[in-house]
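Next up: the structures, one after another.
Note that subunit A is present in both complexes that follow, paired respectively with subunit B and with subunit C.
Entry: the complex of A and B
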């Protein structure tokens, strides 16, 4: 090989590396611009006032008695939801996993159904659970009145209704996290203990500590989502600190005031996410093989069969209630097609926004997901600080109240966007991406981590160009993750409400906004039908994605 | 990959259809409205069908109600998106006039309306409204224990639910009380309610639900919310307070409609305002249950109330506006800080 030819080849390789690096940098820039820039823009104004010693700003940061009480109340409510979902999730997970493992065959059918059911449950928009609660409350009151109990309440107390709606909306997250935690505990690890101590004691001393990282991650997710959610409590007339952000912005139209009010929530949520991340990194156990294989092997140990059965009954009872009421919605007969026709424009906008949000998320999610995973695989290539900073950037948007994201986007658009953009129904896509792009990155990253590094290293021996490497190796290997990321962003966008409500353009009718507005008048056939349509969209999308992923993995989830 | 391509292609085509084209602009009108979507949307659709002009509506959020939209209009004053503001109450429309957000337009219906419902300068026009009523739970508050005057409520504050007086029609009510009783007495009324244990909640619909569920024996709300509870068979009754000779009267909160200064689509905006102020639109809103107190003779009857004859609070819009600007900041100190 001549020297000039070798030099030329080296230059071409350097150029390819540079272009791949540019692509990754662009993905990061896009990520920051979409998820963090609007929030940083408004938060920056608030912080500048704080730094300047503005008394009004400090007055907002140091809460009055009312606001302090509201913060404490919101924290207590979120912790109650977290405690309920974590306990019920752990008990029910133990019951379900053992039941499935006890079935016949090496790869029981339940092993595929359980994760699928949890995914369908988790992607159902939270206010549909509020609707189910309202319907159930109405039905219960009507039944009690029918048997002569005229003192039956017309509604549940607001705090109880909000708790139930949030708890049952978030329960699948805890259930899934507990399942992962339990599946990570080998049978040998607790069977030895069972020779010496009782079931409950072994569970507490052996199983629970080993399953704790995954369970803690689930608990942190539930806590953060409950704390930052203002829509569900407001449906039941319950004040929350997250709602205070919306009210402050509406009352003053000063985004910096909303940002300062949001700071305590961002700090608390950030700490929860950080703690969960550290717990998972230090003690998390990676699951190998398929879920079905793990379930068949694991037969996890729970603390008490009675408590586990009770928890499983609560989960199944609620699921049956939800499915039953959804099926009752189908009984609306001819009203359903008429309603769908009436909301066809909203339906089209919702679907287009969600598809575009999903597609726009794919590129950045793939590039950033691979970039993060590559950094972990070759630790020497990047500093600990650099990796930490990258993860902070990825996770920070998850700690921001959706209301503040909406306020930030609205402010940036009002200040900088041309009229055509401000009035476009497609503005909502930004809100959707801001909410769900971080989740898409995490999904792709998780999928990439499942890829055997030996496969990639072997392929790299051929030194393909960056595009070729992506097209032939990394793309196909991460296709399951990309499908999951697209489905997640799509489903999230279809149901997203809190950021969209504050940033959507006039006339940008979205189904989620319509359902939420109607829900303020209570449950009705109209809202039930619209809720069913919303639910059907996300369920069909999720099932399609699960089937696609299953086919790629040879039929196993 | 091929599937992805087709999904992207279909989404791109649909997105292109959704992006407004230059020719569409003249046939669009943007309205910000605090009238509940279930009531306002059918009216706006009727306008679309009649004129062919597409309506882009922005509805309010329950907790912030009118205030959120009004502050958005003020923030957008120099580059407005909205053409028309259709307000479920009047106080904030008066504030918008003072802020210079509104433009002059006198719809043809002006001649049919009482003078107090028409701005002498032409910046807004009001049509029939809702009345403020005391909703009582009939199981908890027997007929002989029901208050007849709003001034009796502070003494029974522990039984009362009220919406946050910084927002919505409750803020108009606070301003009207301040105009009638004086600012200090009006502020004292709300302070006494709060100090006495009244439940201060996010909106009138919440007040309605609390009373209907028996978690508050009674609460101040609007006739449309009260009608919702009456219609679904809840054990409630609506009491028109301060009736009879010498009484304060019941506050009637009219709807108000206004043209935005610098509206991007002024012609379509004027057409919409003309439509919203017609007797036919008012009749439709009465029949639907949004308006209970008509502003002019009509054959339409409101569900729950028929054609109520009430003694309305004798207070002018300018007095409400003036008192509202004084009472608002003081109530903010009490309820928001």
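Entry: the complex of A and C
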């Protein structure tokens, strides 16, 4: 090879590396612009007023007795939901794993069913669980009336009803986290304990501490989602601090006021996410192999068969109630096709919006997910501070109340965009990306972390060009993560409500907004049928994604 | 059923076990006497670990019985005594140390029935017997392979089990550590009176340590003449 030719090759390689770096930088810029910029814009205005000593701003930051009480009440409600889901999730996970594991090395029965069921449950929008709660409340009230007790659904305490709706909507997150935690406990670690002490002591002293990081991550996720959710409590008439953000903005149309009100929630949620993140990094255990393989090795790890069976009965009982009501919705017969025809425009808009949100999320999620994972596996020239900052950028949007995301997007558009853009379907897509792009990044990152580093090292030897390596090796290896990320954003976008309600123009023509509006008038056959349609879309999408992922892994989940 | 007065620490009668139609154990009879070391040898996959797990109560046989100190602990596919209630200590192939507990806490884990002072004395004695008294406050992540193996041994010995089952405890150690640990196991059997059953691939490492050697072939136990 001549010297000019070698120089030309080196220049081409430098160019490819530079273009790869540019792509990653563009992905990060897109991420920040979509998820954080609107919030930072309105929060910046609020902070500027605080720095300037604006008494009105400080009056909002230092809570009045009423707002302090609201914050305490919201924290108590979120902690109650977290405690319920964590305890029931842990016990039920132990029960399900005990039942599924064959224990003798045979293929576990239902090993792929449990994660699939949890995913389908988790992606069901929370207000559909609220709908189930309303229907169940109506049925119970009717039963009580039949025996002479007159308790109308309106008299049900909103706190309890909102608790139940949030708890059962978020329960699959705790169940999944507990399952991951339990599956991470080594068989020998557990059995070494069982040779020395009973189930209860081994559970408390060995299993629980080993499963704690994953369980804590699940608990933090539930706590944050419950704390920042304003839609579900509002359906049951329960005031919440998150709702206060919406109310303040609706009353004043001043986004900076909403931003200052949101600061305590952002701080608390941020601390919860940071604590869970640290716990996972310090003590988290990577699950190797497929879920089915891990379940095959599972042992009866729980503390008490009776408590575990009770928790499993609660989970299965609720699932049966949900499926039963969905089946009742199907029983609407001829009304369902007519209703679908009536909402066909909303349905089409919702599907197009969700597909576009999913597709737009793929590129940034793939690039950022790989970028984060590459910095963890090897010394990639980035400092610990740099990696920490990258993770803060990824995780911070998760601590922002969805209502503030909606307010921020609306404010940025009002200031800088023409009316045609403000009323276009792009606004809802932005809101959906702002909500779910961080989750997509986390999913891709988790998928990349599962890839054997030896495969990447082998690829490095043969394909030094990063783009070519990504196209031929790394991309295909993380394809299941990309499929999962698309499905997650798609399903989230179909059901998303809180940010969309505040950013999209009235009459944006989204199914979720129509369902939510109907819900405020109480549960009815119409809203049940629409809820069923909405649920069917996300379930079909999730099942399709699961099958695609399963095929890529040779049929194993 | 109780034969405590003349009972050996561990007795197995007619144990049989099959996996997916493949018979791994067939009418296995075994008696372990106090303060003796028995080696169990055989090729990989022959069922040595399965036998140990059934004796420990971690798995159940299709047929046969296990008696611990004369008490019926396993009767066919029925577990009558929980693993921790059999007077059996077990050391696994991997040390299986719990990463969130110090060495002292690991060794004291099985002493929950005792008062605090007695438990502390028993813990210290087990650490001394395993020659790791200086490591009481150490965390598992800082231990070498040999030290971790000794911690696992001390943890199993601390409750003074009548019987000690060791599943290839020397497998991941170098030659010198294997010899040292084998000597410690012998001493533990002598000093505590425990009946020791040790599974190994490398019987040469146990030369001078074992009282008898058994082989497992075609699901049956056979005596091996050294």
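Definition applied: the second predicted complex is superposed on the first by the 535 of 557 C-alpha atoms of A that agree within 3 Å, B and C clash if a C-alpha of one lies under 4 Å from a C-alpha of the other, contacts with A are read in each partner's own complex, and residues count from 1 in each chain.
Operating definition for what follows: contacts are C-beta pairs under 8 Å (C-beta built on N, C-alpha and C of every residue); 3 or more make two chains touch, one makes a residue touch a chain.
Since the model is a prediction, treat every value here as computed from it, not as a measurement.
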A:506 contacts which: subunit B (first), subunit C (second), both, neither?
first
Touching A:317 in the superposition: subunit B (first), subunit C (second), both, neither?
neither
Of the partners subunit B and subunit C, which touch A:337 in the superposed model: first, second, both, neither?
neither
Between subunit C and subunit B, which one touches more residues of subunit A when both complexes sit on the common chain A?
B
In the superposed arrangement, does A:518 touch subunit B (first), subunit C (second), both or neither?
first
Scan A:234 for contacts with subunit B and subunit C and give back first, second, both or neither.
first
Where does A:186 make contact in the superposed view: on subunit B (first), on subunit C (second), on both, or on neither?
second
On the A-aligned overlay, A:194 touches which partner chain: subunit B = first, subunit C = second, or both, or neither?
second
Quick one: is A:348 in contact with subunit B, with subunit C, with both, or with neither? Answer first, second, both or neither.
first
Give the list of subunit C residues in touch with subunit A in this complex.
19-20, 56, 58-59, 82-85, 88-90, 92-94, 96, 98-101, 109-110, 112, 152, 155-156, 159
Using the touch definition up top, name the residues of subunit A that touch subunit B in the complex.
64, 66, 151, 153-155, 157-158, 234, 237, 239, 243, 246-247, 249-253, 348-349, 351-352, 355-356, 359, 414, 419-420, 422-426, 501-502, 504-508, 513-514, 517-518, 520-522
Subunit A residues touching subunit C in their complex are 104-106, 186, 188-189, 191-199, 201, 205-206, 209-210, 283
Residues of subunit B touching subunit A in their complex?
4, 7-8, 10-11, 14-15, 18-20, 28, 30-32, 36-38, 54-59, 61-64, 67-68, 71-72, 74-76, 79, 81-82, 139, 166-167, 201-203, 205-206, 209-210, 212-215, 228, 232, 234, 264, 332, 336-337
